[in-house]
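Next come two complexes, and both contain subunit A; in the first it sits with subunit B, in the second with subunit C.
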Partner chain A sequence: MKLRLKNVTGYLMISPYLIHFLVFVAFPVTFSLLLMFHRWNIISPMEFIGLNNFYRLVHDVYFWRSILNTLVFLVIHVPLQIMVALFFAELLNQNIRLRGFFRAAFFLPVVVSGVVVTMLWEQLYGYDTGLLNRLLVSIGLQKIGWLVSPQIAMPAIALMATWKNVGLYIILFLVGLQSVPSHYYEAADLEGASHWQKFWHITFPSINPTIFMVVILSTIGGFSLFIEPYIMTGGGPLNSTLSAVLYIYKQGFFYYHMGYAATLGFFFAVIILSVVALQKRFIEKETGA
Partner chain B sequence: MISKIYFFIIFILIIFSVFSCEKRGNVKHHKILYWSSNNPDEIIFAREVVNEWNALQGSTDLEFQPVPEGRSSEEIILAAVVGKTTPDIYSNMWQGDVEYYARSGVLIPLDTLPGFLEFMQERCDNATLAEVTSSDGHIYQIPWKINPIMMLYNVEIFKQLGFLPPPANYSDFIRAASLLDNDMNKDGYIDRWIGYCEVLVVWYQRFFDFYPLYLAASHGAPLVKNDSIVFNNTYAVEVFRFLQTLYSKKYLPRERLSARSDAFLSSVIATRFAGPWEIAHAEKFKPEGFEYDFSPLPVPDDHQGEIYTYGDPKNIVMFNTCTYPRKAWEFLKFMLNKVHDKRFLEITHQIPRRKNLFEDEFFKDYFDKNPKMIPFARQAQFVRGADVCPVLKEIFDIISQEYEACVIYNTKTPEQAIQDAANSAQLLLK
Partner chain C sequence: MIKKLIIYCFLIIGSVMFVYPFFWMVSASLSPENELSHLTFLPSVLTLQSYKQVLEKIPIIRSFLNSLFVSLSITAGVLIFSSMVGYALSRLRFRGRQLIFYVIIFTMTLPFQITLIPQYILMVKFTWIDTFLSLIVPYLLNSFAIIMFRQYFMSIPQDLIDAARIDGCNELQILYRILWPNSVPALITVGIITFMASWNEVLWPLIVIRNEKLMTMPQLVTLFAVGGRAESQLGAKLASATLLAIPIVLAYVFFQRYFIQSMASSGLKE
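This part shows the complex of A and B:
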């Protein structure tokens, strides 16, 4: 009892986080694990259905389509983001005029609301009325069905997401680039190394930890693709932009299939963990970290 | 030591205050709480009628508030059901949701209240009564208001096309679309269409294209009947074919026309399938000299008889958290009498779902003053709501998927798309 009273202050100090953790993390996770074995529409009592939700998941073509769509998005978005971010970070690391302005300008889309950006790009991407197609036609090219072609819609969303988020990764790469010791480059200059050789043999290995972080962050961010297809396409055309999170959201909050949505969410979390673990292993192997 | 005890007491107080939120369901309260929709006009009406009732009763037992703000009123109601904080009366329930709540046991079967059936028979026709009767034979809702979906059209455009009155069947509609000049500023881009239907695959969007057109073509046939899918028929196929033709000939845009000035009022589209809410909007924002009117929806060329449409009905329910259902029922009878129905019409310009409304002399002066509402009053006799089915949203979602594949992207024949939709939807009902 004496020991407990002595620890009261400690408990009091950690109680805000502890309450938050119990209410918003531990309880939802435990509850969703329980939900996976039940059918529940929120207002009726839960009904135990064993492994039926897992059986349904295995045979659910829309879910697998949404996973495939998300992977397509990642395959386009992550490398594009890294290349564009690295390119601009390298430029902004040079002693150019208005460097501060450009750094702020590239970061601006990151702080603008995702909904606003999405609605803006929806206007740019319009097939008959959009500015991008008008530009293409004015230089003699064909119109592109940015959001109305099933083949183009997901790459178009990936392009937009890259534009929206690249500013953050430019800043991260800038930090990485500025931490490379300048005497490495001085030594390389003395040896007569070209720009490309300096980049490939000095810059690139030196910023590997940053690249790793950017890959992980943009992969996890990419897996949570939701606002863009939710607002711009609703998952269409022909389910080509139906992301996994959007599909889980629809199951949970359009149709109140809470048990099934929890099963999809759990399975999707396992996929994210696996992909991130694979990435980590691959990058560590490549960099010898 | 004392400071530690103080800390401990404060800690306990914080925990106690966090977890001691009032659970309304367990609290006996003698008042009746009524939630209306949060439409400003309906709030005015509800406040007026509640004040009148309380004045008559000499009490303040009836409390009113609009449904709390949220992303949608459906979501708020669901949250209230889960938290057992539902009002006693709610007057903005989408008819398609009633079966879901009824089967979950959170609604009061209103037909168990004294005089309910007599009241309903006086107010509604037999078709409406059948439409709102639940699968267990009880009635959980009172049909209150409708906003029939009709074809809003630009008078000037159709006058120029030589189609006044506007096209009434599919062939004429397509012919009118083919005559429409779709490049207003002659810059080589399509910038005008015969109409616009939402291209997003969201289940409720089909209430403004496929579903009203299906009801129009089929004389108001259901999609689901006795837990069986019954929309695999020529009417549904013809509706898909009609819309598919309009998209494939580029008479309807595949892109969304949102986030811009009103496409109808700026003559970018010549028609829109819409309800009477468009009148107030058009009167407020239309350019000078702009003329518009409403007509029934286009139907198949060989269509005979009346043209039905979707009524977008919102009904009144009582939740089982209601402690005094009889008292609440007395108020509802008061709110739904002829005088208040007329007042509702005057304030909100929504049609009370009352039989022979247009023929009734009592309402005549309203329609004399509001001639734009006359087509809706006439159409009100030929509307359908949502079928009795607990998975109606999923069924509309399946139809939406097939609609997109067939109608918008032409990847399936209408026959195949309707067949696939019916097969998938039937699985939900097993």
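This part shows the complex of A and C:
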């Protein structure tokens, strides 16, 4: 009797989750599987169109463009983020004063809304009056078309995203660095190891988990990019900053192509999950060996 | 000694890089429009003109209150419900418990891109478009918070719970009267992360709210910037961005240590 009663309380207490899961996760996922085979603008009745949405997706230059854009973003963002974060984490890990102050300063952009950061950087990136170009001109360099050149707009967004997020990874790397027992370094010093040797053989393995986390979180972040291009470029110039989520948003809420937007969402999700799974596989192989 | 000096130099350059743009934003928002294009440090006179324009053109104060209401409701909901589920998963025995745990882990990895469109349709069918319900209810529970609470509660001694049961506490009393006071770090971590995430959320409000009076602050500021209403007046745009940054920066200044610890621990658990 007592055990049964306990059973019931257990179910009662997880029931909010179950309801939430059924309504906001299970139903939407199932419904999106259905939507993918239909054309629907919400107002008129749903129309079954078989595999047309898939056919369209395969031939959709914007879909492929948004994947290419995400790749451009990641190729710049991931290495830059790791290098900058490691650099400052190493500096903070030295015996210095005011560590708390510097940490807090680096972390500031992490807590501020992406909307604020984007509006701010839109001004820094301005072609004629932007702070960055004025700085370049004042040291005798050429102006850069940060947000107006199709080749540079996405790298510029990647640079901004790095500026915004890197504070979090500085902290995480710092935690990793501090967990390395200092006698490892002392032993290495006795053996006459160089700076680089110490970095590759002692520091690097201990921060490996953090590096992999940066890679995975940045991949998810790259595919989630929305507000930055939405505010700065609207996906332009020449679709060079059209991101996956911005494209879903346009298909869904500009053109009301619900069926096609759901198809896009499904395929982006599949791509994200497979890329992350591959990365995890690679990580396990590398660290397991 | 020289090495130390170089380290401090880099750290100072670094902190200027991360803080100065915000300083520039605030000082630009306080400067007269004609000085903006060549401003690098402080304007010759400080003026609130840009702020006046923002207040006249958009219901920014109303949107601040909307955001506050929405974010606080979500945070309260997440703390109450997620700790309840976390408690059941860590301390109560029932059939299917392990299965539910796996389901939660699975939903944590599910990309939001897949549910975005069908969730919007759900809101339309519930007639929740242009109500706070659409902003709050879908976010009342989240997998990350449940897992956090489950892990934390597992570290609390069973004796404490047994003693409370003997005293005649029911499960809800055990959770909210005994476990909560012993789980302050977990409550702070989940609370800060949830509040920040909902305060800064902008994609979902853009989709489900069209009535200006119900808009959240980031949404209203975004539409002010991209829509024509700022009339390309840079000062007004930057003033609205500054107003949007102030609440979270103030919270950060006061609870800085908690912010950094919470976000770092959430990152490490991934």
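FYI, the second predicted complex is superposed on the first by the 281 of 289 C-alpha atoms of A that agree within 3 Å, B and C clash if a C-alpha of one lies under 4 Å from a C-alpha of the other, contacts with A are read in each partner's own complex, and residues count from 1 in each chain.
Everything that follows uses one rule, which is that contacts are C-beta pairs under 8 Å (C-beta built on N, C-alpha and C of every residue); 3 or more make two chains touch, one makes a residue touch a chain.
None of these values were measured; they are calculated from a predicted model.
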Which partner chains sit in contact with A:Val61 here, subunit B, subunit C, both or neither? Use first/second/both/neither. neither
Based on the superposed arrangement, let me know which partner A:Val116 touches: subunit B (first), subunit C (second), both, or neither? second
Contacts of A:Ile42 with subunit B and subunit C, given as first, second, both or neither: both
Please work out whether A:Thr233 is in contact with subunit B alone, subunit C alone, both, or neither, and reply first, second, both or neither. first
Applying the touch criterion given at the start, work out whether A:Thr129 contacts subunit B, subunit C, both or neither, answering first, second, both or neither. both
Subunit A residues touched - subunit C or subunit B, whichever exceeds: C
Please indicate which partner A:Leu190 is in contact with in the superposed arrangement: first for subunit B, second for subunit C, both, or neither. neither
Partner chain in contact with A:Ile139 - subunit B first, subunit C second, else both or neither: neither
Under the stated touch criterion, which partner chain does A:Leu168 make contact with: subunit B (first), subunit C (second), both, or neither? second
In the superposed arrangement, does A:Pro150 touch subunit B (first), subunit C (second), both or neither? first
Pick out the shared contact residues on subunit A: the ones touching subunit B in one complex and subunit C in the other. 6, 9, 11, 42, 119, 123, 128-129, 134, 234, 253
Under the stated contact criterion, what part of subunit A meets subunit C in this complex? 3, 6-7, 9-11, 13-14, 16-18, 20-21, 23-25, 27-29, 31-32, 35, 42, 87-88, 91-92, 94, 96, 101-116, 119-121, 123-124, 128-129, 131, 134, 163, 167-168, 171-172, 175, 213, 216-217, 220, 223-224, 226-227, 230-231, 234, 244-245, 248-249, 252-253, 258, 261-262, 264-266, 268-269, 272-273, 276
Sites on subunit A touched by subunit B in the complex: 5-6, 8-9, 11-12, 15, 19, 41-44, 119, 122-123, 126-130, 134, 137, 145, 147-148, 150, 233-239, 253-256
Complex contact set, residues of subunit B against subunit A: 4, 7-8, 10-11, 14-15, 18, 75, 78, 81-82, 100-101, 103-106, 188-191, 199-203, 253-260, 391, 393-394, 397, 401, 404-405, 408-409, 411
Residues of subunit C touching subunit A in the complex: 4, 7-8, 10-11, 14-15, 17-19, 21-22, 24-25, 28, 36-38, 40, 81, 84-85, 87-89, 92-95, 97, 100, 103-104, 107, 109-122, 124, 138, 140-141, 146, 171, 196, 199-200, 202-203, 206-207, 218, 221-222, 225-226, 234, 237-238, 240-242, 244-245, 248-249, 252, 256, 259-260, 263-264, 267-268, 270
